[in-house]
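Going in written order, the chains are labelled A, B, C and D, and every chain counts its residues from 1.
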Amino acid sequence: MLHVSPNAATTGIAKGEVLLSVENVSLRFGGVKAISDVSFDIRKGEVRAIIGPNGAGKTSMLNCINGFYFPQEGHITYKGVRRQKVRPHEAASSGIARTFQNVALFKGMTTLDNIMTGRTLKMHTGLFWQLLRHGPAMREEIEHRRKVEDIIDFLEIQAIRKIPVGKLPYGLQKRVELGRALAVNQTFGTTIALIEHDMGVVMDLSDRVVVLEYGRKIADGTPDVVKADQKVIDAYLGVAH
Amino acid sequence: MFYRETGQFKTNYADDMAIFPIRQDRIGIAIIIAIALILPFMVSDFVLKTILLPFLALSVAVIGLNILTGYTGLISLGSAGFMGVGAYACYKLTTLFPEVNIIIWIFASGFFAAAVGVFFGLPSLRIKGLYLAVATLAAQFFLQWAFVRIPWLFNYNPSGAIEVPLRTLFGMPITGPTAELEVKYLICLGFVIGMTWLASNLVHGRIGRSWMAVRDMDIAAELMGIKLLNAKLMAFAVSSFFCGVSGALFVFLYLGGAEAGTEFAIRLSFLILFAVIIGGTGSMIGSFFGTAFIVALPTILKFGAPAIGIAITGATAEKIVLMIIGALTIYLLIVEPHGLARLWQIMKQKLRVWPFPY
Amino acid sequence: MSAVTSSAPKPLLSPAVMATLKVLGVFGAIALAIVLLDLPDLLVQTLWEGLVAGVLYALIALGFVLIFKASGVFNFAQGIMVVFSALTLVGSYEIMTQRMGLPPGTVVAILAVIVAVATMFVLAWLVERIVLRPLVNQNDIIMLMATVGLTYFLIGFGEYVFGGNPKVMITSQLGLPVGSTQFNILGGRVNIQHLDVAAAVIASVMIAGLAFFFQYTRIGRALRAVADSHKAALSVGISLNQIWVIVWFTAGVVALVTGIMWGARSDVSFALEIIALKALSVLILGGFTSVPGAIVGGLIIGIGEKMGEGYWGPLFGGGIETWLAYVIALGFLLFRPQGLFGEKIIERI
Amino acid sequence: MMFKKLALSATVAASVLTAGFAAQAQDAINFVHNTYRTGAFSGSGIPVGDGTRDYFTMLNNRDGGIGGVKINFEECETAYDTRRSVECYEQGKAKGTVLYVPWSTGATLAAIPRAHIDKIPIFSMGYGLSASAVGDVFPWVFNMPITYWDGANAFIQHVAQQEGGFDKLKGKTIGLLHLDAPFGKEPIPILEALAKQHGFNLKLYPVAPAEMQNQSSVWLTIRRDRTDWVYNQGWGAMNPTAVREAARGGFPVNRLVGVWWAGGDDDARPAGDAGKGYRALNWHQTGASFPVIQDIIKHVVDKGQSLAPKDKVGENLYNRGVYQAILIAEAIKNAQAITGKKVINGEDMRRGLEALNMTEAKWAAAGAPNFASPVRVTCSDHNSQSAVYVMEWDGKAWKRLSADIQPQKDQVRPLLEEAAKAFATSNAGWPTRTEACQNNS
């Protein structure tokens, strides 16, 4: 559903400047083209939505950004650097996290542990102190726990802290998932890229919207502009091509 | 009535993150350890030797496999092989450097098992689930073969066996035939408490969380920045470390010498996996329940039935024990797929509201 | 980005390493050819022995595959079902001839087969009732452990009823050929046991029969439907429970045939259980759901193992057969994680 | 109902946990005997167990025990598993057994270090640790009548006889087919020494315990090596498979010679006609013609107190069990004579065993004339290294093939002593013998 990137202070990119740009990306599975020649950019601090009907290529697009898929053509520039092949955990460590269209929480773990997992990248104490759970390991654990508790307060999920998320209703799971994504970056003024089917939700929230259909970009702009676009209306109403 | 957390408020995160946040649990653990400390002086040698010592020695391996299977979601059928690595490593170390205390070597033997474990854990990057389980059989059979084939491992002993030499601590024999059973028990207990403490520290911290994340959804885990390679190999290393220490304890403090090559056979691997599942995957306390189930149940059935007047011969008992273990396993899985640990939890839950359930 | 990247999994080894391996492989193949052609008759004999062992591995694997396809259960007890069914056959033959005083011979042998088949049916029915039905929708490992529990139960039960001593398989009473034919060819001799030929023939017939059953009968179609989707099967009008009984029964019959063949080469005892584990490496090769995979995988493992032990074993002091099958399977798996006939797995999120 | 069940299980648990097993009332001699009637080796374990069990039952039924006291004979099932064997050792200890009979090499090795501490002698008859033949180092362990090293030596003697002299061994290829476990590997050092001495090629053919019933590749290798003779150091399901595979691979079965543990009737019989000519070493006779076997049939089998089917009584491994029981009974008599006690303990039993001297007359007196060669144990020789002979399977029964083969004591004994010394040095703190020597023979 969303995509969180780091704040300006750490990247040297000012608010409003381009943080990530997708240039002429195409992705094929065998003979099937999932994305063809799509370009757009995401600016620092904005809420950017990627929408489109089922099978439009939204998830594939995100998977490219995340490093799950390698596009056959085109490239992705992140923080001004053209990215070579990247593994998902590398993408994560450069500040890209995501949630999934379907809930992808760690079902056997508690809410707290799920969100704490989001902090993994920022935790560095090694095996030795981890084994002892004292000294640096404990200090680190407490420091991150504090930040996670802030997120928990922000999302108002204090009551379900120690409940395995598999037992929570869908709505709460979504909230935990948002919490986990926030934990990766723990700043609330971040760039968020949303993917949604639901137009209504998106239009209220986002600053700018990209619309995909059959793997192609059919519109890009502010919600008002996109809403008025004939191609978008056709795509959503299912007009035959 | 007595088992309540009401009124126990955490004023800092350290308290809340303690492994036993409820005071009654901490008291319970203290009581269990106290009982464990006096137990060897209360029971007969028979119980000490045939139930308690193998229970302690094997429980370390069961915790080890639980780290791999229960916490990280990787099934292994090679635990007995890794135990064997620990046993032989300990034997080689103590015969090469007899002046170093055996307790240090028992612990150190875990490192050798860990190294071997990492090597055989490499396929886990490409394969998962039951495929991986079958792949670990390669480790089991290869190691078992190596134990027999490499005479250096047993110091070219013509009988091919490991003979546990006499080793002392403060002048008191702790391994070898003259060591008192009670002493061996207490050493084992020390290892079990220490290793359990380390394991639960680990699973409650960053590394434990990354294991569970890999288990629950490896793709999402990778997106959180967890390196699957590191997490899985770390799980194999830690798990095999525990198995290795367990193997050293098994031979040095329990069996006291045996044809170790045949001792660490596939059957033992299965028993350990059995204990993990029956006890409850992803549960420390479950590991102990599971071990008790596989160690104590057969012995109690076999020797207990005649003791209370049910006349069955040894051979029949052995067959019936197999049937009962099989049937009980299926029954338990049906009643509570999450194992004995879950039943224990439910019991505690009931206790929490007792005596006013509504 | 000029380099065209692919979405397929990255190759495990870099091209340079692969090239080196290929060169080494060519040299290895030449060296191997010299060794192999040294005693051509022995080579043929080794291949034949591997083939026969492979057929037996394939049959055990086939039982696994049938059950896995239809119920998603990894039936660890398949190996034990092989021993258990054979033990039932020999045991009931013994009871009928020795304790009930029936005359030994083909008639009683056929009666014993009927008893064994009936036992496998009862077993299938009980497994469905007592094990599968209450555990339906549990995860893989729980189902696996349930079948491990079943394994222990069957060992105990089999030994309790028929005694623990190994038994000699009835062969001539069942009309199976004994003896052997020696071919003096290739400057040596090649010995073909009639029983092994029979085993290969019976296995082929059985596999063909199963294929026919799956392809052309209503139950068979339902079974295939179940393999694809449980809901689809329901729409065919056969209950899932019935299908499970049928599949387990079929696997039981396959086990009985395997047990007769293996029992005739050795004895019927639970020591066979560990050999049956090798069928697991066949499954890795062939995939858990592919019948042709089980057959081809079985042959690869059987032949690979005999060739390996025969030609490389002495280099390692012998006895490598005990782990070679797993290593072959593992090596294979690293390059093709989905097995021989499995479909490429594309992970979706 | 629920309560009853709970109470029952609590009682079981309690009786095991607290009391352990109180020693039986001391009006009988307690003897806990390991058996394995289940597991991979049960094919060999059952007949042996039956023989020993039936003999003691017969003594109790016929004579009221030994020297007027009953033998409280009890079996303990090990399933050939070391952990179960440890249980059985502990149970024997708790029940005050006078002797521990491990019936597996692994179990023997696990028990040897404890014997002198628990004061329970160990009798590992023709198996176990070969070095334990040296009574000076192992006062509590007995392994008569012969060691594996003597066995391998006797096998080579037999081959030399058949080939027409030791000089004919030069250039021959002789193989050792063995279980890939310590038991199977025991004869390797002696065969290596003999190979050097006589100039034959020694080839090793290990069979992993998991592959006992899957030997075709081993036999292909034997064929490729053009091996002339094969010595089979196998046990359990490995043996019948070996005989069959030999026949399948076209290896002449009369050049396959089994150690005494590979000489069961059920090892040769399953191969049918193909098994005709299979050979094995033995140290006692087969068949039911001996008075002692007849007594067993009369007092035990016909009363329905035996676990063995009548047609198995008198088979080789059954008689092996009887042989063991006769030696044990004789040692008990010795112990009673030495101590003057009727109910003896483990320490007395050790002295009785050390005084064992089964002369031909004693064999006859035990109802087994010409059943086996004499066995004489001394304080320093706990093995006696008695004679063996080679027998051949004729399709129905074992037939004696060779005359007695005397082990080459002068050659094997020094090796045994060396190994015993090595054991003592590698096991720091191994006690020097303090037990008094009391040979009254």
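Following the convention adopted for this analysis, contacts are C-beta pairs under 8 Å (C-beta built on N, C-alpha and C of every residue); 3 or more make two chains touch, one makes a residue touch a chain.
Model, not experiment: these values are computed from the prediction.
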| item | value |
| --- | --- |
| Chain pair showing more contacts of the two, C-D and B-D | B-D |
| Most distant chain from subunit C by Cα centroid | A |
| Chain closest to the middle [Cα centroid of all protein chains] | B |
| Whole-Å gap between the CA centroids of subunit A and subunit D | 72 |
| Mean-CA-position distance for subunit C and subunit A (Å) | 47 |
| Distance between the centres, which are taken as Cα means, of subunit D and subunit B, whole angstrom | 35 |
| Shared interface positions of subunit B, touching two or more other chains | 141, 144-145, 148-149, 219-220, 266, 315, 319 |
| Subunit C, residues touching no fewer than two other chains | 159, 164, 274, 277, 317, 319, 322, 349 |
| In subunit A, residues with contacts to at least two other chains | 68, 100, 104 |
| Parts of subunit B lying in touch with subunit A, wherever the complex brings them together | 12-14, 17, 198, 201-202, 204-207, 209-210, 212-213, 215-217, 219-228, 234, 282 |
| Complex contacts: residues of subunit C adjacent to subunit B | 12, 74, 130-131, 134-135, 138-142, 144-146, 148-157, 159-160, 164, 274, 277, 280-281, 283-284, 288, 316-317, 319-320, 322-323, 326-327, 329-330, 333-334, 337, 347, 349 |
| Subunit C-touching residues of subunit B, taken from the complex the two chains share | 69, 75, 123, 126-127, 129-131, 133-135, 137-138, 141-142, 144-145, 148-149, 219-220, 266, 270, 273-274, 277, 281, 315-316, 319-330, 333-334, 337 |
| Residues of subunit A defined as touching subunit B within the complex | 66, 68, 87-89, 91-93, 97-98, 100, 104-109, 113, 116-118, 120-121, 123, 125, 127, 130-133, 137-138, 140-142, 145-146, 149, 180, 184 |
| Contact set on subunit D toward subunit B in their complex | 8, 11-13, 15-21, 35, 37-38, 75-77, 79, 81-84, 86-87, 90-91, 93-94, 105-106, 109-110, 112-114, 116-117, 129-131, 180-183, 185-186, 188-189, 206, 208-210, 419, 423, 426-429 |
